[in-house]
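Input: one structure, supplied below.
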Amino acid sequence: MRILIVNPNTTLSMTEKAAAAARAVAGPNTEIIARTSKSGPASIEGHYDGAIALPGVLTEIRDGEAAGANAAVIACFDDTGLEAARALARIPVVGLCESAVATAAMLAQRFTVVTTLERSRVLIENLVIRYGMSARTKVRAADIPVLQLEDKASPALAKLRCEIELALVEDGAEAIVLGCAGMADLARALQAEYGVPVIDGVSAAVKQAEALVSQGLTTSKRGSYAPPLSKSYSGLMSALAPISA
Amino acid sequence: MRILIVNPNTTLSMTEKAAAAARAVAGPNTEIIARTSKSGPASIEGHYDGAIALPGVLTEIRDGEAAGANAAVIACFDDTGLEAARALARIPVVGLCESAVATAAMLAQRFTVVTTLERSRVLIENLVIRYGMSARTKVRAADIPVLQLEDKASPALAKLRCEIELALVEDGAEAIVLGCAGMADLARALQAEYGVPVIDGVSAAVKQAEALVSQGLTTSKRGSYAPPLSKSYSGLMSALAPISA
Amino acid sequence: MRILIVNPNTTLSMTEKAAAAARAVAGPNTEIIARTSKSGPASIEGHYDGAIALPGVLTEIRDGEAAGANAAVIACFDDTGLEAARALARIPVVGLCESAVATAAMLAQRFTVVTTLERSRVLIENLVIRYGMSARTKVRAADIPVLQLEDKASPALAKLRCEIELALVEDGAEAIVLGCAGMADLARALQAEYGVPVIDGVSAAVKQAEALVSQGLTTSKRGSYAPPLSKSYSGLMSALAPISA
Amino acid sequence: MRILIVNPNTTLSMTEKAAAAARAVAGPNTEIIARTSKSGPASIEGHYDGAIALPGVLTEIRDGEAAGANAAVIACFDDTGLEAARALARIPVVGLCESAVATAAMLAQRFTVVTTLERSRVLIENLVIRYGMSARTKVRAADIPVLQLEDKASPALAKLRCEIELALVEDGAEAIVLGCAGMADLARALQAEYGVPVIDGVSAAVKQAEALVSQGLTTSKRGSYAPPLSKSYSGLMSALAPISA
Amino acid sequence: MRILIVNPNTTLSMTEKAAAAARAVAGPNTEIIARTSKSGPASIEGHYDGAIALPGVLTEIRDGEAAGANAAVIACFDDTGLEAARALARIPVVGLCESAVATAAMLAQRFTVVTTLERSRVLIENLVIRYGMSARTKVRAADIPVLQLEDKASPALAKLRCEIELALVEDGAEAIVLGCAGMADLARALQAEYGVPVIDGVSAAVKQAEALVSQGLTTSKRGSYAPPLSKSYSGLMSALAPISA
Amino acid sequence: MRILIVNPNTTLSMTEKAAAAARAVAGPNTEIIARTSKSGPASIEGHYDGAIALPGVLTEIRDGEAAGANAAVIACFDDTGLEAARALARIPVVGLCESAVATAAMLAQRFTVVTTLERSRVLIENLVIRYGMSARTKVRAADIPVLQLEDKASPALAKLRCEIELALVEDGAEAIVLGCAGMADLARALQAEYGVPVIDGVSAAVKQAEALVSQGLTTSKRGSYAPPLSKSYSGLMSALAPISA
């Protein structure tokens, strides 16, 4: 089984961290293929970055499926381009936020997502509402620029720990979800420290992707995710035109 | 007051139709500036088309604001790129679906959106949920490819009338919302025919844009729509990198 | 275009303030006709005052429509009698709360309404739920009797500023909605002071009324807002009996 | 224990029918005092009638409490003036719709309200949403003018039975709620006929009123239902001014 | 009328306290029959205790109905086994939480449930969501083991008062619901002390049970609560096999 | 990795079918240990059967964890005892309904669960609401007694196919979830026949269990699922008393 991890951020070190987290949980017969988007922002912080990242993400999904991937993970907690990717691909495509909250919901009744910036907090709150988990989930921002997570000397970890502690005391959180792919290397240590489940979205998503493939399930092509219709695409986007099904 | 209409579909005849609808309702001091996206699909039908349309839409928003527009309308009923555009721009940006359902809600307790294809139906249902109107709104698809609306000889109007009639009988609809920018020229006649309010999204959105400008209101730059942070953008998207605030 | 502003409070100075706010945003071809209810409480503070204000409000709506108004605004943030007025009139009728939250939702993802008294806070929370905005909106009361807003020497403004500051810090508010018609004169200055959109309900409602009229839209007479049936009305209310359609 | 039944419709035969239903279920120590509003519409059909009925209802509530009633029932399924009456009175005030759906919810997971006119259907749907029961309740209108229920020779019962049968087959209804005070005399026979619980709002509300009094509970005067503040009331409504607490 | 009170906790002193509360509010013709479950935990604290209590509760419901009870109350605020009991019995069965929140909702717009342990808090929050009251209700835990309520010398009352005071100040509670059957003896005194309605679940449930019986209503046997089908039950549970209807 | 499958129905052939489905999707290093409850109903059809099944299910969970299972699946689509099992165990415990709808949600926007009996339909609808999926999911009953699924000669499959076809046409279903563990052997063939994803709950749950174990995640013991407190259990249930943590 080959699982494609697409990093919508164009920063290679984040891809490597996500790939390591993926490999740490993948099954013995799973090959992890990690790709960094070639087109878009160095890090995704808010709605604009997320929109501009889409063509790069979708190119990797299209090429990865053509190259034989059995499922794909979009490795950004904003679930960047998830619905468009599902419309494009026949293989299953999973997102980090969707996977992580579904995972947390099997371990805890109430949990808190800790993300990076305030601008991402409401975006993730809106995803949580869409995924039907708003009665069970709170979202906090730790005021950490995404790329600061790549820097061991930064105060990012201290800020993150502070918000986790507030989540336990003020939110009644029974589990913690790390709300950024760049936090994938921190989950195990934080779980040991705080004694509650700490869920990393990359790990959760890889296991969901494996689960779907093992069950012989692929994205529904009836209704919402019907394949793109053949039509002309103009300008920069002409290379992304769907080809006739 | 200058209001920018951005057509995310790259089809010029749709832009012209939207511009005509906009001018028909605009105030005496409002200048309508209509732009067709230069990059993306000829018509937006589903999630993939919508994602690929984003760089083209955002380019027009950025350039239009720089050229002095006071507000912008994204002229596709899927509200393509609405949140990213609000993060990018300081001027108000409004969408068709959001404007149309807010408008319908002031005239009727229950109403039905009639859109084009089944793949757009669920997408619009999800927008309606996000806009808080799901208890009041049903969404129907009339099985009309978007560009068929540009062809007077097509069966599009007959199909649309059929769904409106079902909405009145089966949904208890008290008003009808036309769920595609390409239907903008049909609202007045259908309203006269059926004796209930028929709302066109382009018209509704232009008036919302005027309303915001008249009140001296601009997009909040605190939280969700904070300006994009300065950072490197790679590949095709490098031209869309945000510049330092 | 003639827009009727009905003040459900029988206090003339509030009507004048609302009329001034209305005229400041109205289009060049809009005539603002402001009427003070002749029957009911001096100020509306809670459910009982609101109920007793209804005959006075509905009388003005009926008479205003007969006199040629093209739309009506009910100038109390509790949206006093809004649904009854829509059943009565064919012209569009808009409320302050409904208009203001629809307006805020186009500028910000999360916002806070600051109103006067605790008894009005839950009433407005319930309106916000009905308008589908509860996931995005918080409501705060500043402990200001309504008529204190008419007195420049009162501490009302200081209390209001205090709650706005709490909304920004504790609620993550991205915009502020002023939750009383008597605050209409304060919006511009508070917006300049706090750097976030500050929405006044009177201004918002006038622009919604203009928008509806410009689009040729009137209240649906199918279903919820069907005209009152001809029947006898007894006692004090006999003057308000509907006449046969 | 004295329970006041206020009929917001000014039709005496409806009051008598409600009083009979009330007495049939009241406890041995309960005195039922039935009052017909002296001011307002002969029957309440839609939002406008409901608004105009309020002063008459509130007058009876005020006078009934002063005369020693221990609780009050507002005998219209629209729960006309319920929140204003709670603000006015210290004694408990209950509504038919609120009582009936709370009652049905203790006997069945899914149930259907059958009401009179389409214009009342959405109004009741909105009450059901407010009472938190929308996931469990459907509302149907049988196209029966309210006063037709007073006429034994009318087709009202046949229409009502037709909708009950549709509710059982199409809605999966496990119980039926009769959605008009004028149907109070029909519940027992319909229950026997259909073999599912059939709830009459008058009966349900009387038992809720008794329940509250027996528990020594009165309307909260903290927050939403704080007593009306002393202030001047103008015009026709001056007789309804609250007196200083 | 005979009302069966089943205490799912196997602690006799709790049964006696519940019976006393029941008798204090019961009508003159109501006989209260209190039974302590013979099988299960001494006190119900959390999901596991609640599950293990079910066979004991259902045995008492079955036997009580056979012995002629007209309705049953399950005297634990977790509404332990409520849905199974309704499927088993034809007589009405009511729960404490469902009855108490329905009662509070007739007296106040916003209220707070104060329960014992944190593990019960989320369980009750989930009940409140199911009963449709989540927009109006907050739930607090006072960190009181259930059996501590049986000990007059314990700090339980002090802890409970502390949470009530926080509910009034922080939650804007307009009424208080006591969230444990073991608090039934405290309601009157706390109501007098705090000046807001204080609802005891046992009292509320007894009055709901009486109300249903007085109206001639029984549990719907159509759909969700259809009688258990005749089939073999194995092992310890063989004594609980349903007998053919 | 050892995954325990507990069949809450005491029918061995259902256990064998579930075990076969589990083994068909399990990873190469996963051992499936299937246990049939020794105490309870032959099949679970409705709330009463589900309640009586709990002691048997919880005994198997307790014993299975003690014997070294790494995770447990409760193999009934009603998620019988799921919350109690999570409170009891430290290993992850997953349910069929929760797993299946989470799985379907990654492949389709809208989907339909097809279950056995009407009495189970509303029960599953309520689970779907609790899992946050009610806006995306419909539930249908095919009128199949559970044990009829064990009989190849029965009309069960024909009835099931009929409801699937209605789901596709009337519900706009993009995927189908089989709503009974006894349907586990039918998923692959139905998926091939209808060309949409068909999800079996047993398979979905086994993969969720594996996913949780692979990530090193266990049930949160903070809050809702804190371990049962040590206390006396009476009567038949004394063998199930929790032992001191």
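Letters A, B, C, D, E and F name the chains as they come in the text, with residue numbers starting at 1 for each one.
In this section, a residue touches a chain if its C-beta (ideal position, glycine included) is under 8 Å from a C-beta of that chain, and two chains touch if they have at least 3 such contacts.
What you see is a predicted model; the values in this text were computed from it and never measured.
S.K.: Using the touch definition up top, find the fewest steps from chain B to chain E.
M.R.: The fewest steps needed to get from chain B to chain E is 2.
S.K.: Per the centroid of Cα atoms for each chain, what is the distance between chain E and chain F, given in Å?
M.R.: 29
S.K.: Between chain C and chain E, what distance separates the C-alpha centroids? Give it in angstrom.
M.R.: 43
S.K.: Mind pulling the residue numbers of chain E that touch at least two other chains?
M.R.: Expected reply: 86, 109-110, 118, 121-122, 126, 129, 134-135, 172, 223-225.
S.K.: Provide the full list of chain pairs in touch.
M.R.: A-B, A-C, A-E, A-F, B-C, B-D, B-F, C-D, C-E, D-E, D-F, E-F
S.K.: Under the stated contact criterion, what part of chain E meets chain A in this complex?
M.R.: Interface residues on chain E, with respect to chain A: 118, 121-122, 126, 129, 134.
S.K.: For a test of understanding, state which residues of chain F touch chain B in their complex under the given definition.
M.R.: Of all residues in chain F, those touching chain B are 109-110, 135, 172.
S.K.: Flag every residue of chain C that touches chain D in the complex, lowest number first.
M.R.: 10, 37-43, 45-56, 58, 81, 83-84, 86-88, 118-119, 121-123, 126, 129-130, 145, 223-226, 228-229, 231-237, 240-242
S.K.: Taking the complex as given, what residues does chain A use to touch chain F?
M.R.: 25, 27-29, 86, 92, 94, 98-99, 102-103, 105-110, 131-136, 168, 172-175, 188, 191, 195-197, 199-200, 203-204, 207-208, 210-212, 214-225
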